[in-house]
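What follows are several structures.
In what comes next, chain A is part of two complexes: it sits with chain B in the first one and with chain C in the second one.
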Partner chain A sequence: MTTATSATRSSRFKSSGGSKRRRPFNWRRAGAWVLVILAVAVSVLPFYWVLRTSLSSNSALASNASNLLPADFNLGAYKRVFGLQTAQEAMAEGGSGAKIDFWIYLRNTVLFAGITTAGAVFFSAMAAYAFSRLRWRGRNAVFSLFLATMMVPPIFTALPNFLLIKNLGLLNTLLGMVLPYLFMTPFAIFFLRQFFLNMSREVEEAAMLDGARHLRIFFQIVLPNAAAPIATLALLTFIGQWNEYFWPLLVGNQENVRVLTVGLGVFKSQSPQGAPDWSGLMAATLVSALPVLLLFIAFGKKIVNSIGFSGIK
Partner chain B sequence: MKATGTTAASTKATGRKAAGAIAAAAAAVLALSACGSGGGASAEEAKGEISYWLWDANQLPAYQQCADDFHKANPDITVKITQRGWDDYWSTLTNGFVAGTAPDVFTDHLAKYPEFAKTGQLLALDDAVANDHVDVAQYNKGLADLWVGEDGKRYGLPKDWDTISLFYNKKLAADAGVSEDQMKSLSWNPQDGGTYEKAIAHLTVDKNGKRGDEPGFDKTKVAVYGLGLTGSGSGQGQTEWSYLTGTTGWTHTDKNPWGTHFNYDDPKFQDSIAWFAGLADKGYMPKLETTVGASMADTFAAGKSVINANGSWMIGQYTGYKGVDVGIAPTPTGPDGKRSSMFNGLADSVWAGTKKPAAAVKFAEYLGSAACQDVVASKAVVFPAIKTSSDKAEAAFKAKGVDVTPFTQQVKEDTTFLFPIADKAAKVDGIMKPAMDAVVSGKQPASSLSQANDQVNSLFNK
Partner chain C sequence: MTTTTARGAAPARKATGPGHGTAAPRPRRRPRSDLKVALLFIAPAMLGLVVFYLVPTIRGIYLSFTEYNILGTPKWVGGANYAAIAKDPLFWNALGVTTQYVLINIVLQTVLALGLALLMHRVAKSTFIRGSLLLPYLMANVIAALLWFWLLDYQIGIVNNIIDALGLPRVAFFGSEEWAIPTQALINTWRHMGYTALLIFAGLQAIPQHVYEVANLDGASPFQTFRKITMPLLRPVIVLVLIVTVIGSFQVFDTVAVTTQGGPINASRVLQFYIYQRAFTESDFGYGSALAVILFVILALVAFIQMKFLKGNESDLD
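Take a look at the complex of A and B:
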């Protein structure tokens, strides 16, 4: 088979002449392209559908279910999201009297995701440093224990954490929401430890000879060298926290600390059996996903590079 | 307003259920500490900020106006309203009981309040009703009594009521040659389904354009269903089948409220359910599994079903669709020659743990007064509990071009029966939901409900 194929290939090259070099049609390549195009279409279509729904009038949506274009095009849903529409106007467009305090929820989400990311990444980096660069008794045992905690589903710790936060009097406060995530996550430590392990010891040793101590080595040598994986970790943590639902639902239920995911959940479900205000919901979802999407566009390449660099493939 | 919570199961559902479970578990602990925290309200002055929760976003503007009017009349009291959807409402509420962050006043449901009352979460309103001369006779018949607990104390003041009717697609019905008069005079029986089944069959169309009652109808490829389906209805069947079983003389429990013996083993009930489940088997109604995560109302608007039995709280939803001409017909008459509808009512309750009981009670009373209920009536979203306000709502609906007589005539003709109130509602639901799901999806015969009934009744023998 192989010889036959190569023979036809070479004969085709000859017949096409030297001046115009055209690639021969390759079924495999074409198949791959079709697959890629299909995969892109399948992943982009839901986003398009979100956009299409958000630009439709809610009351016209159901009767135009199969139309690819927005049903009864209007921007009312976005006005609802940004609080530019009264309840009466919203209801006239098939929305509901429910409102999303978008800017408050956005502020809370940014604070929640930002603070937990900063805290978790910083403290995890310190822990990872201890686990990879320092030698101390029981280090591997403690690390194994850390890894083992990755296997505990978060739902198991939800109740004790909730009671603890309640007893501390921190329910419905930003502090109560960020505390369980603030210090470290086993994944972050594992991720950074892998990177730190691969760093050369020589620079560190030289610094030690010059009299630098661990704190200085950590801040002046290790951290700057680990900028790429730290950025990756920060981005992954930030996206994870941005999408976090369960804990903020339990602890941050009041409107002044409510985050976007919880806000959208509340907005979605209204009276039993009542259909949600889909266009409003989709507009809000799109707007709330936008910051993360932009972050991803800006830093996506960095993530891929640093994942390759740190050896986690 | 529906008790069974058969709304769309989202991916978050597991998380929410877990939240509910956690809250419920901890509620038991709290119940001990919360006992006796309310009640001593009389000496306290009515002022400060209080919180009020409700789940129906469509009613939010009406209640916001009530809160504003109340503040105007009582400048010392400010009311902060929070709307939370039905899916989250109850888990967040029980969570709030535990955490001490529950609202001072909240919209309460008949299926939920017995357990809240039993665990000491609700403030009894008897003293306030007596002192402030609240006239419980002003409410529609039976509504106020529903909120008197098993211990004889009053735990809520009625705010609205709802009944069931048939929403139907006028165009599709006309295309099939089913007139409005025919829609309004349907009859039903559990043996052959009567003219109700005939209409449903005729309104069903397969992908080849054959109707359900024509030879060659392909039940595996249905384009338009005669009857829509929300779910199996669990143990109450409020919008699914209770308007049918109610015409056979069957009742959910031995007495209502506070029944301790359920009747799911009664042949009258099982025959009705067997007929109901048979509709899906004949291809006249969607299969149960296709209703998960879907909205029956949206499916209706998309022209995929012609008749939808649903509650009066859905009037706005059904009549709000653009390009769909919606008719409302009363539920069919049954073997007893009458119509039947479950009569459900919501009320506002005061949390026992409120720090401002005097202000909270005052607001709950205001919500139960004609002043607030007339405002609710004027917005034409639900029927207020007070008779006079209820009439105003009917007029407001009429002004919007919606004839709601099919809902109100059940009350006027006294063909309603009260929502079954019993203790251990959550446990009963835990048994009946899977049992009814199995029957309506055709996996089990209706006779299997006898076993579920034994389980339910054994809850009350302990």
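Take a look at the complex of A and C:
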């Protein structure tokens, strides 16, 4: 052990002394940076192109296909998305005349993602508390059962769940869309349990001695102390739910309950093959992604750092 | 996913051990059972588990042995659905197409992500760069699909314009049979590449520095170090990535549903889209359920085989 440590130290010393001070131009390093920049460009530039398209007019797009700036700059596409433009005006700008009830879809998406996130995170936190801070027989067996459900592919439960929601008369209702996600997600339970396990028992035991019951401990000690992981989990869940497509497509495919992802699909398929409303579609796409983009700008670091955790720990 | 579980559970148990294990003598309050409180706390989650996971799983298996068109009651037909599936050319086509999609994804995504992770580890650790690479992953599949549907448009899409400018023939990315599936796979790779790279990057950072320093002292070449140290130590992460990628890609749906709808002809009719069509468009729930059972079995098998052969549970680190 001692030899290893001293060897380590000397080798680090040597390497930092030699090359770092006057680092000559290093082709391999430069090449590596080019690759990194290329990867970033491939990830980010498509979004610029979407923005550029959304600010162009359809009739000008075809002739100015490769111009880096918007072709015939105008906000018509956004007006169309927000319902401020009539079908006639849209068609005059080269659109297809298909419309998107953005505000209704937005309301539905906010409700769907918001309610499922709040419910799943809260109830999963309760379960995680039982799986980490309480002692009871069969705890590990029941926990394994929850974990096992992570293996069941969503499509498999989607068919019977659809029948259940249909039998309950909840097709095309917000409740029907929300119910399967409301009570927990296996991942959320797993995620929070990891954090709860590592919390110190001392505060909790002191509170216990003062006669606090579990509900109070949960609400006043565990939840506040785990605010950071809970916020991260809520963020990830919300983004995931915001992007969900399959279940809302099955259960909420009517205008009044349609969410943005489903609405975008419909809007796209409404465009007749001949002349899709590209700028309108791209404006709608960008506006639908905007909340996630904003969350990302605000909490990017948190999201990035949570990826390592969710995968490995 | 199983890797996650197995590896996550172990240190966790260790951590709880001294706190309230049976061995540790604890003053005051005695190992009383919290069963009643625990039941209260897991009640909502339990409700969700039973109603929306366990019962549907059993019901799904039951339905796969029935003929059921939503109206009326399911009629027991034994293994008839499975027999029909075995002779269903559309099923075999879907299986083939899906496999093709999965293979392209695994190779492309793992290789690109591994390369990116190494670059991030060695050259650019910045959160900004990692964030930019993660951006596509945070977008909905539907958004990624529409975005590329536009970029890859045959007539005026920017990609085809560039191809054209290079003097090459335009590519009908979504409209030709040979390109439909590779295109879907490329879109998925674009969306997941950064996320996968981040997973591997986290794995790279977990490798203790001194292992490399010892190897350096022993005069190992960078390539040898990579082969003999990085790859073996990275194995659990790679296994996790492979399992997640394969299981995820087998369930491709959103991109296909929004862009090609299974076409042209049957070129992109992946399994999940076929299940969706049989169950919901043709309202043949028994057949759809049987297809879903098969998909479920395939996924379980793939996960099992990968765990078994890649020994994902063990890390060479300990």
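Points to keep in mind about this one:
Note that the second predicted complex is superposed on the first by the 255 of 313 C-alpha atoms of A that agree within 3 Å, B and C clash if a C-alpha of one lies under 4 Å from a C-alpha of the other, contacts with A are read in each partner's own complex, and residues count from 1 in each chain.
The rule is short, and it goes like this: a contact is a pair of C-beta atoms (placed from the backbone, for glycine too) under 8 Å apart; a residue touches a chain by one contact, two chains touch by 3 or more.
Source: prediction; values computed, not measured.
Once the two complexes are overlaid on the shared chain, A:A32 sits against chain C while remaining clear of chain B.
Of the two partner chains, chain B is the only one that A:Q254 touches; chain C does not reach it.
By the touch criterion defined above, A:T173 reaches neither chain B nor chain C. In the overlay built on the shared chain, the residue A:L147 is in contact with chain C alone; chain B does not reach it. Contacts of A:N243 after superposition: chain C is touched, whereas chain B is not reached. When the two complexes are overlaid on their common chain A, residue A:L163 makes contact with chain B and with chain C alike. Of the two partner chains placed by superposition, chain B and chain C are both touched by A:I155.
In the superposition on chain A, contact is made by A:G265 with both chain B and chain C. In the superposition on chain A, A:N225 contacts neither chain B nor chain C. Taking chain A as the reference chain, the count of touched residues is higher for C when chain B and chain C are set side by side. Looking at chain A, you'll find residues 61-62, 65, 155, 159, 162-163, 166, 245-246, 249-250, 265, 268 touch chain B in one structure and chain C in the other. Only residues 1-2, 4-5, 7-8, 12, 15-16, 19-20, 28-29, 31, 33-35, 37-38, 41-42, 44-49, 51-57, 59-60, 63, 70, 115-116, 119-120, 122-124, 127, 129-136, 138-143, 146-151, 153, 155-156, 158, 161-162, 165, 190, 193-195, 198-199, 201-203, 205-206, 210, 213-214, 216-217, 237, 240-241, 244, 247, 250-251, 253-254, 257-258, 272, 275-276, 279-280, 285, 288-289, 292-293, 295-296, 299-300, 303 of chain C touch chain A when the two sit together in their complex. Of all residues in chain B, only 1-2, 5-7, 10, 12, 15-16, 18-19, 22, 25-26, 55-61, 64, 82-88, 92, 95-96, 98-101, 230, 239, 295-303, 310-311, 313-314, 316-317, 320-324 touch chain A in the complex they form. If you check the complex, the residues on chain A that touch chain C are 4, 7-8, 11-12, 29, 32-33, 35-36, 39-40, 42-44, 46-47, 49-50, 53, 61-62, 65-66, 123-124, 126-127, 129-132, 134-137, 139, 142, 145-147, 149-157, 159-164, 166, 179-180, 182-184, 189-190, 193-194, 197-198, 201, 208-209, 214, 218, 239, 242-246, 249-250, 261, 264-265, 268, 278, 281-282, 285, 288-289, 292, 296, 300-301, 303-305, 307-309, 311-313. For chain A in complex with chain B, the touching residues are 57, 59-65, 72, 87-88, 91, 94, 96-98, 155, 158-159, 162-163, 166, 171-172, 245-246, 249-250, 253-255, 265-277.
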